[in-house]
Each structure stands twice: as C-alpha cells, then as structure tokens.
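Below you'll find a set of structures to go through.
Each of the next two complexes has subunit A plus one other chain: subunit B in the first, subunit C in the second.
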Partner chain A sequence: MLRGVGTVFGREVGQYFASPAAYLIAFALLLLTGLMFNSDLTFSVTQKAADPALIPSFLSFAMVFFAPLLTMRMLAEESREGTLELLLTAPVSDTAVVLGKFLGAWFYYSLLLLVTLIYQVILAAITQPDLGHAICAYIGIWLYGGATLAVGLVFSSLTENQIVAAFLSMSALLLLWLSDLAGEIIANLDLARLIRQLSLQGHYTTSFAVGIVRAEDVAFYAGIMAVMLFITVRIVESHRWR
Partner chain B sequence: MHRDSIVITRNQIGQWGAFIGGGALLAGFVGLLWQGGLTPLIAALLTVGIGGLVLWALLAPQEFIGFVTGRQARYSTMAVFATLLLTGIVSLTYIVLQRAVLTLDMTEGRRFSISAETQAVLRRVTRPIRITGFYSPAALRLREVDDQFFRLYEVATNGLMTRNYIDPEQNPAVAQAFGVVEDGNVFISYLKDDGTVDFSSLMRVSRTSSQERDLTGAVARLLAAGTLKVYFDNSRGALDPFDTSQQGLSAINNGMRENGLITAGFNLLDTVNAGSGIPADAAALVLPRPTLDYTEAEIRAIDAYLKSGGAVLILADALFNQNAFLRQDGAFNQYLWDNYGLRALDAVVVETDAALSVQTPLDIISAAIFTNTDLGARLNTGETPVLFSVARALDVNDSPPSNVSNGRVIMSSEASYGETNLQALGETNTYRYDEGADLPGPLTTVAWADNSANRSRVVLIGDADFVTNGLIAVGGNGILFTDALTWLTRFGEAISFSPQAFVTGLPMIFVSVETLDFIAFITVILVPGFVLLAGLAVWLRRQRAS
Partner chain C sequence: MIEVHELTKRYGSYLAVDAISFEAHPGEVVGLLGPNGAGKTTTMRILTGFMPPTGGTARIAGYDVMADSLEVRRRVGYLPERVPVYPDMTVSGYITFWAKLRGVTRPRAQVDAVLERVNLADRRNTLIRNLSKGLRQRLGLAQALVHNPEVVILDEPTIGIDPQQVIEVRESVRELGKNHTVLFSTHILSEAEQVCDRVVIINKGRIIAQGTPQTLRAQLQPGVALYVEIGGLGKEAAARLLREIPGIESVERQGDGFAVRASSDMRAALSDAVLHAGCRLLELRPVAMTLEDIFLDLVGRGN
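Up next is the complex of A and B:
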C-alpha cells in the first residue's frame, strides 16, 4: 500500500507545482502573512516583545478559507472528469488514493509553513524571540492545517462540483472554528463545553498558541484527520457499491 | 382547456414516509440521548419515525426490502458502524489523554510549569483541598485557561487537590453560599470526610497577572490558616471588629478571617485588672483607637507581651478629649519612644496641596510611600493611595534604641503642616499655620519598628478611620492594614515564595525605520512576488505547451 500512497502522493505534489492556482494561493497567503507580520512589527517597536505565535495564530483563521481551496479539486475534479473510476481500477487501494492525495496537500501546506519561517528568522535577527514558543505554535498549526485539509477532502469526495466542495468545506470549517465561541451563545454549560471540545480553534489558542503542547490536543487533531480520512475512503469506496 | 392531473403513487407516499420517518427517528434518538429520558416530544418523534418507516414498508415493500437487504445498504451500514467505532476509539483516546494531563511546556521561561517554590508549598499539602471555580458558559475560555493551570496542581499533589467547576447561572444558591461576586471567581477550601466543601476554611483566590502567585498564595494561606490569632483590644471605647456600622471594623475583620487569620476581641483593662496578661497565643495585638490612654499596669502588660516576641498594631487617631489615647506626653507614648523610637505627636496633619486632599485639608492622601518596606510594597501613590481622615503626625527617632530598627512608611507632602492647636480644631474646626507653633511638613503618618533581639514588632498609624467599614475599600486603605498585620504576625514569611515570573522576560524590539522598510520589502514584496513570478512562469509554460 505504501508504494500506492507514494505514487499518488508524487502525482499530487507534481500537480501542485505544475498548477498556477497553487502558486496564486501561496502568493495570497504569503502576502497576507507578510502584511500581518509587518503591521505587528511596526506596532511592537519599543512597545513590546515579539509575538512568536502571531503568524501561526493568523493561519488558524486563514486556513478556514485556504484549506478548501487546496482540497476542493482533489477528488471532485477526478470525479467530474471521470478519472476517479480510472484511478480506482488502477492497482492501488482506495485508502492509498485518499492517503496519497491528503499527504500531497499536507506536504504543500507544510512547504508554505516553511516559507513563513522567514518571519521567525527575521525576528531572531533583530531581537530575541521565544523560539520554544514559536516551535510549539508551528507544531500546532501544522496539525491544525492537517485537520482542516482532511475535512476539506471529505467534501471534495462528496461532490463533482469543486465550487460546491469548497463552499461546503468552508461552511464546515467556519462552524468548527466558530464553535470555540459556543459559550457566548449557548446558555447550557454542558452543551457549550461539548461543542467547544469539538472546535478546531479551542485546541489551539489555549495550548499551542501560548507555548504548551497538550497530549489531548495532539490526539484531537490526529483523531480528526483519522476519522475524516476514514470517511473519505468509505465515500470513495462507495463508488464500487453501485 | 387541458388540465394536467397530479398523480401521487403509493411508492412516492412510501418514500415520503421513509424520509420523514428517518428524520423523526434521528431527531428522537438525539433528543433521547440529550435529555436522558423520554419526554412527550421525543415520544412523538419516535412514534412518527416508526410510523413513517412502517408506511414505507407497507406502500413500497420492494424498495424497503431492497434497501434493507441490498448490497449498498449492507456496505453503507458497515461503513457507518466502522466510522462510529473509529470515532469512539478516537474519543476514548482523547479522554484518556485529557485525564492523564500530559503537557509539555515549550516556553523559554517555563511559564506554564509550576516553580520549585510552589512545589515546596504543595509538598506540605496533606489533606484534600478543593479548587472550586465559578464559570458561566460565557466564561468557558477563561475556564479552560485556568483549568490547564489548576490541573498541574492536581498532578503535583497526587490528586490531593481536586477541581470542581460550577455554573453560577445554573446554581445561584451555591454561588451565593460561596460569596461569588463575578464570573470566574475561584475559591479553595479543605474537604470534609464526606467529600463536601468545608466552608469554615473557604478562601477566595485573588486574580492578578500571575496565576501561580494567586493560587499558591491561597494554598499557603490555607495551610497556615488557623495557626495565627489576632486580638483586638475593645477596652476604653476602642473601635469594634464586630461592629457592622460605618464606624465599625467588621469588613476588615471578615477579610482577615477569609485570609486564614483567627480574630478575637480582648479587653486589656479587664485582663490587667484580673491580674492576667495578654494571651500567649496572640500573634498580634491590635489597639484600634481606644479613647483613653493606658495605665502603667496596661503598659507593663504590653511590655511583657512585646518582650516575649509579640507584635502590636496601634491605630492612634486624633482625639480631643482629656487623657486621650497616646497623648504626646503620656506614659504609653513615652514607652514607645524609649523602646522603639516611635511616638505620636499632638498635631493633626493639614494638607494644603489640593491635589493631595479630598473634601477638606484634613482628609489627606498619602504623598510619599516608602515602597521598599514590607508595609508599603503593595501601595503606590497613583493607583492605591491611602486616605486618612484627621490623622495625627508621628515622630520617628532616626537613632533608635539598640537592637531596634525603625522607619517611615507614609508621609504627607512638603506643603502640609501639623496643626498643634487641637483645642481650636476640636471645638471650632479651625486650623491655620502658625510659624513656630505648628510643625512644618512633610510629616510621618505611618511608621514601623522591629526589635531583632526579642523579635517584637510595632506598627504605629496616625489614623484609625481609614480601616473602618466606611473607608476600608478606598484606595490602598485595606492593603495597608492587611500588610501591616501580615508583617507583624510574620504571616508573610509562612506563605512567602518566589513565583515564576509570568511576564515573557523577552526584550522589546528596537529597530530603525530603514530596517523596518527593508523587512517590509522582503516580506511583502520579495517573497510573495517570487512566488507569483514562479506561478506566472508555470502558467506561461503550460500555455506554450497547449
């Protein structure tokens, strides 16, 4: 299966680098993070120490919109163009197809994260940032990104229309992001807590973003990825049931 | 005219029954799980659900049988169950890890780990302690921030400290019993044998910028609670710690008890007349402005107490009666001067600087606070000034007796003076600076003395009104009294520790405008621009290829 995963992964990564859209997404993300970094830096001069989690924290919101853009075409396009059936007849398992595609998207996202490390390098050159805090925030946002991509992949597998897939993913991710604020609108404490436990943001802002890694938060993101990829595999598999 | 007739088949009715029934069943099961029991609405939903499915089975039997026994149904049912199983495993793992409290603090200053000093305090915990937090749904995030800190205490004490969170909106009676005043209030207390909160040990955890200091301080106070007893002299018309009127001291008395000190009334005159002395268990004795001065016998009793390592807090207000307490030429005042280098002067401080007085020049605000002293460390003239009303000026001997160190805590401004004509002030409320007769400012209003040989301590404050119920909440009045007692009883030493600095400790950023411009060029133009150019190149290559 690993060979299958590797084959699909290589194909996906190749498609990213051959697609102008991927560069446009990277451009938009880097422009936004660059503006955010400079804005905070200008404000911080002589006022406060650098915030090592600034960019990862911004990405935790940005990924609600960027993750669907990265995943919307992955299975929806294959389905629309009829190549999915072709892929399913190839000597690779459905799991390998889904895992390969997911890992390809996660790899691309990881490269984007690596580029944003330039901000930490700049901070290290002009001041003394808390590197441990920064590394922690990046670990968190890397896992967070993986979870958002896995959610996006589910919706990409549900429809042939990329726009619909992106819209549904954004809606779902926005809901998961907003559920961090459940307590503000829900009077029932237990229900509010339950909903907040499911929020993507809730497992990032009070742990990774402040410099601590909690095992349950790692488990949460890993669990979201596992369940979402499992569902995606079942949905892809359902093409064979008809 | 041709009219199209609408034809509804049995199959279609059956399908509608399936949709409605399925939806109702799902809603019914969710409701059943949520409510934990059958309500009329849930029963109705389940009935509609079953009815809908029965309708489907009756009207479209082929489709129903096909759905239940078909290949697609089998696979999808398996897939749903497998997904639920995986979700269950993930949830279980999450819960187990959450309970295991596995946390890695990656910050440079280890800001989210408890310090060695806190661990030393926690090693002294031998009885179950409960942290009770009151958080409404709106304060969920605050609760989570607090919780990740509180659970470190739970782990460090091997479960002797436990957490319990209560929604004050859902449980207003419980919140009232604890004395909750706002969302996010936290309390600590011992637990009784039956696992309920021991309200007699209940303490509020203050909330400042340092969670560790707040919580460890509260734990240390709880551990020290009940070991220190403070007596209030209630002889000769002294202020009463149980009086709830504006002139009473009940508020500060309650505050002291909330912080773990035992307080009790005590009649010095009766005790001396009975031939007894000041109780040996007195960690401190408060003399809250008796109206008449002490006799030689009372002074001897105080002297014996001090020589045994006692501590006395003297609230010496300006009084206009005969033989007033701590009059300048009185025996008790002379005793203090001879033994501790402190005395009260027969002069009332008049503050002529309008910015340092409130309603009249006799209501004075602290102009200078010696924050390098234990008593003044938490006070400052800006945010927590101390307000005195008709305060007496004090004198501090800069060459105190041997083994005694003394000093000032609060002084009035250079523009103030000490009115010595107390008769005119008392009878007609008139005051005027008389060169030669009145005392030029600045004047001392709070002073301390410490005898290192016999470990006795004295704090002399030239006012008593500041600690009454009417004024205790003003500025730093409460802090001055509390910290004076903390120093006198050495309570601070019992609970002192150096908490982790909860500031980042990282340097601020200092860069030139040119550097900022260069950084902006790299991050906003160069890096995104390079990526955009790469994208353009890919697009052009694809265009050429096609």
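Up next is the complex of A and C:
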C-alpha cells in the first residue's frame, strides 16, 4: 500500500515540476496574490489595519478555478494514454493509486501556499501582525484546498478529456462556493443553515478566517476529502467493468 | 504456468469470450491467433488482472486471477496493444517508475539491465515524446520485463512498426521464451508459426483449434493436395480425365493446371493415368497447406 502511494506520489510531484502548465499556474496564483497584498497594504497605511487572513481568504475563491487546473490532468490523461490499464495491472490497489495522486496534488498546493508566506514575512517586517490569526487562516485554507483538489480529482476520473474535467469541476466548486451566498437569501432558517453547513465557504469564513479553529470545520474538510476520494476510487475501479 | 478453464466474458448481451480453456507451460511461447474482435485482448486483460471474468477460472503460477489478483499482477508483465506511455517522462524515469511500482528492490540495476536488453541504453535520458513508434514498442517491452516476471503477456506487439523492427520483436519474443512463459497475440499467421511453440486459434470468442504449428497442419489438412499440369489436352477434357481417376476427391482449375485433392498420395496412379491417356505430364507436385489456408478454412467453417 505505502509503496504504491509513495511511487505514484513521487511521479505526480515530478510531473508538476516537469510541466510548463504547473509553472504557469504557480505564476498566475502568485501574481494575483501579490497584487492583492499590495493593494491591501496601501489601504492599511491610511484606512484600516492589515488583514492577516487576506491571502488565505482570497485563495478560498481562487481555488474554485485553480484546483481544477491542478487536478484535471491526473486521471483523465492516464485513461486517454492507456497508462491506466498498466496502473490497474500493477501490484498495487486502486486506492493507493488515487491516494498517491491526491497527495501529489495537495503537496504541490502546499508548496504554493508556503511561497505565499512571504507576504506574512513582509508584513511582520513593517508592522506587528496577529500571527495566531494568520496561522489559523493558513491551516484553514490548507484543508480547504485539499477538499477542492479532491473534488477536482473526481471529475478528472470521470472523463478522458482534461478540458471537460476542468470545466465540470469548476462548475461543481463554484456551486459549492456559491451555496454559502444562497444560504444567506433563504428565508427558511433551518434550510439556510443546512445549505451553509454544506458549503465550502461556510466552514471557512466564520471560523478559520477570523482566527478560530473548530473541530467541526476540520472534520468537514477531512470528510469532503474522504468522500471525494472514495468516489474517485470507485470510478477508477469501474474501468475494470467496461 | 497459465491455466485457463472455461473462461467466459460477457459485455452485456455480447459474448466476447465463450468458455475457452488452454494452458501454457513454463518456458513455452503460446500464440493466441485470431481475427480482430476474436476475444484475444479480452482474454489477456482477464489474465493480467485488469478485468474480472464473467465465468470460469484463470490461474497464473497457481494463483487465481480474481482471488489473488495482487499475486498474479506481481508475476505478470503486460504490454497492451497501444503502448501506454507518459510522453513527458524520460526513458529511464518511466522504466524506474514501473519498477518501483512493481516492488523491484534495486530498481537502478534492474532498469539498466532491461534497457540494455532492449537496446535503449543510449536513449535513457530522451523524453518519450521524441521516440519513434518502433522505439516506443521496445520501451513497452522493457516496462513489461523490468520486474523479471514469470509470465509475459504481449498484445499484438508487431502492429504498426516497420518490417525490420517486426523481425527484431519476433526474435526478442523467441528469446523471452527461454526464461519466461510468453503469451502473445497476433492475427498474422506466419508470425504465429515462426514464433510460437503452441498456437491457440480463436474466433468469435471460441477456441477452434490448438496445438503445435506442425500438429495443427497435420491434423487439419484433409488428405493430400497436388498441383497437376497436363499438356496436349483441352482444359475440359483434362479435368474430366483427372476426375475419372479413382481416389481423386476434387479437381479445381488453378492457373494453367489443376489443384487436385486426394485421400492419399496419388502421384503414381495419376501420372500413369495421364500417360495412359496419351497426354504429357508437364508438372506434378504436392502442395503443402500453409497455416494460413488452414486458418481461413477453419474461420470460414465457423461462419
């Protein structure tokens, strides 16, 4: 099990560093976060205090678009190139293959997250930011990112076409993201609360983003990852029955 | 080494493989021969643990492909018909990946050895996207051999490469037979005849014949075929003359002469009869039926 996960993980991470697309994604993400940080810094000189959760909160929206780009290739390409057939005849379980791929994506995302810590360093150099708050927000967005990547992986396993995979997972993530807003305009309080509880944002904005770590939110993101990975394993397995 | 018993695979209502049984012993090269869509790939996919059979059993080295799938997969090297590659990886990176995934303990040494074996050592740092089709085929073979499996399964390894490379691949399949049990599929009959110790002919999911190429020919060739050319007589008259010889089963015009089938070797009686009728015997020779004829005959009968 571990050998399979480790080998697949290693290949996926290597693949990110070998592919121009991954560098482009990193470039775009860092450019956008840089712009955000810069403008927030300008405001914080005169009008308000700097927001320690600024970058993580921006990422909670950005991941709707970036997670599909990071995962669309993973299983769609394997099934198009026929390598999935070899993976499924290698002496490793389907779960190990899927887990290895997911951890590869999450690892690459974590590296990007680490690079954005530079903004915290800059902030710490010029002012006294609330570090606890920032750490909280980062833990939150790290889990949040894992959940969005797991959703992306499901759609990558569904199709041989990367563009279709990316489009479908963006739609799904946008829906999960927007359901937070939908919760706000529903009159029935119980229903509104339920919808909010199911949204990705709902477990981030009111807790991690304001500097609170709640077990239920951690469990929510971990649960999303587990369910999505389980679905992916089942879909991969279904290739054996076609 | 490979034991297949009453193996059946159904896709919905379509019967792809219909209760086939065959065996391959250690060190044997067995050819699965049949037209496209005969069920060769499906059979192989079941044997590699890729898909479960609908019925029957298949064992490799004593392990059931369903119950002990992982044990089977550890012992099988598989090259699908379309060589599956990661275009962005280097040759050695690709082989190392499969070596590690299949639990090779010292991947570096094994990778070097297998690249040497398929003659790709000088290309080890080339990106796979830059390899030609023939080289990719060798890469696929290297991938199937890197964990030194007991059984090697090759699905139509000679499709779409140039004749020189076809010869190379056939030679390497023969070589493999020395240390591995090899199951390979083809729809080219002369290839099966050249390469295999035993041939299993399948059509529409059923086995229609199996045995060594020699026994297949002996078993299936009905009677003796002769080619006769007679001079000094019209075609019609010559045909009539031949048909009247007792023991001749059929006479068919073929080029300038006739293809004659008989239950036994009739050459002496035939030449006597021709000379007796005052004609000249221009040509008389036995015709060996190729596996090709046998195959077409069998498949034709199946339809």
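By definition in this document, the second predicted complex is superposed on the first by the 239 of 242 C-alpha atoms of A that agree within 3 Å, B and C clash if a C-alpha of one lies under 4 Å from a C-alpha of the other, contacts with A are read in each partner's own complex, and residues count from 1 in each chain.
Just so it is clear, a residue touches a chain if its C-beta (ideal position, glycine included) is under 8 Å from a C-beta of that chain, and two chains touch if they have at least 3 such contacts.
Bear in mind that the values here come from a model prediction, so they are computed numbers and not experimental data.
K.L.:
Overlaying on subunit A: subunit B and subunit C, fit or clash?
P.N.:
fit
K.L.:
Taking the superposition on A as described, I'd like to know which of subunit B and subunit C A:171 touches: first, second, both or neither.
P.N.:
It touches nothing on subunit B or subunit C.
K.L.:
Check whether A:18 is in contact with subunit B, with subunit C, with both or with neither, and answer first, second, both or neither.
P.N.:
Both partners.
K.L.:
Have a look at where A:86 lands relative to subunit B and subunit C in the superposition and call it first, second, both or neither.
P.N.:
second
K.L.:
Look at the residues of subunit A and decide whether subunit B or subunit C touches more of them.
P.N.:
Here the partner covering more residues of subunit A is B.
K.L.:
Superposed on chain A, how close does subunit B come to subunit C by Cα atoms? Whole Å, please.
P.N.:
When the complexes share the chain A frame, the smallest subunit B-subunit C C-alpha distance is 5 Å.
K.L.:
Intersection of subunit A residues contacting subunit B with those contacting subunit C?
P.N.:
Of subunit A, residues 18-19, 241 contact subunit B in one complex and subunit C in the other.
K.L.:
Taking the touch rule as given, give the residues of subunit B at its contact with subunit A in the complex, in rising order.
P.N.:
71-72, 75-76, 79, 82-83, 86-87, 90-91, 93-94, 97-98, 100, 102-109, 111-112, 135-141, 144-145, 148, 167, 169-170, 504, 506-511, 515-516, 519-520, 522-524, 527-528, 531-532, 534-536, 538-539, 542
K.L.:
Of all residues in subunit A, which touch subunit B in the complex?
P.N.:
Of all residues in subunit A, those touching subunit B are 17-20, 22-24, 26-27, 30-31, 33-35, 37-38, 41-42, 44-50, 115, 118-119, 122, 126-133, 135-136, 180, 182-184, 186-189, 192-193, 196, 202, 205-207, 210-216, 219-220, 223, 226-227, 230-231, 234, 237-238, 241-242.
K.L.:
Show which residues of subunit C lie in contact with subunit A when the two form their complex.
P.N.:
45, 48-52, 70-71, 73-74, 76, 78, 80, 82-89, 93, 97-98, 100-103, 143
K.L.:
In the complex, go through subunit A and note every residue touching subunit C.
P.N.:
3-4, 7-8, 10-11, 14-15, 18-19, 81-93, 240-241
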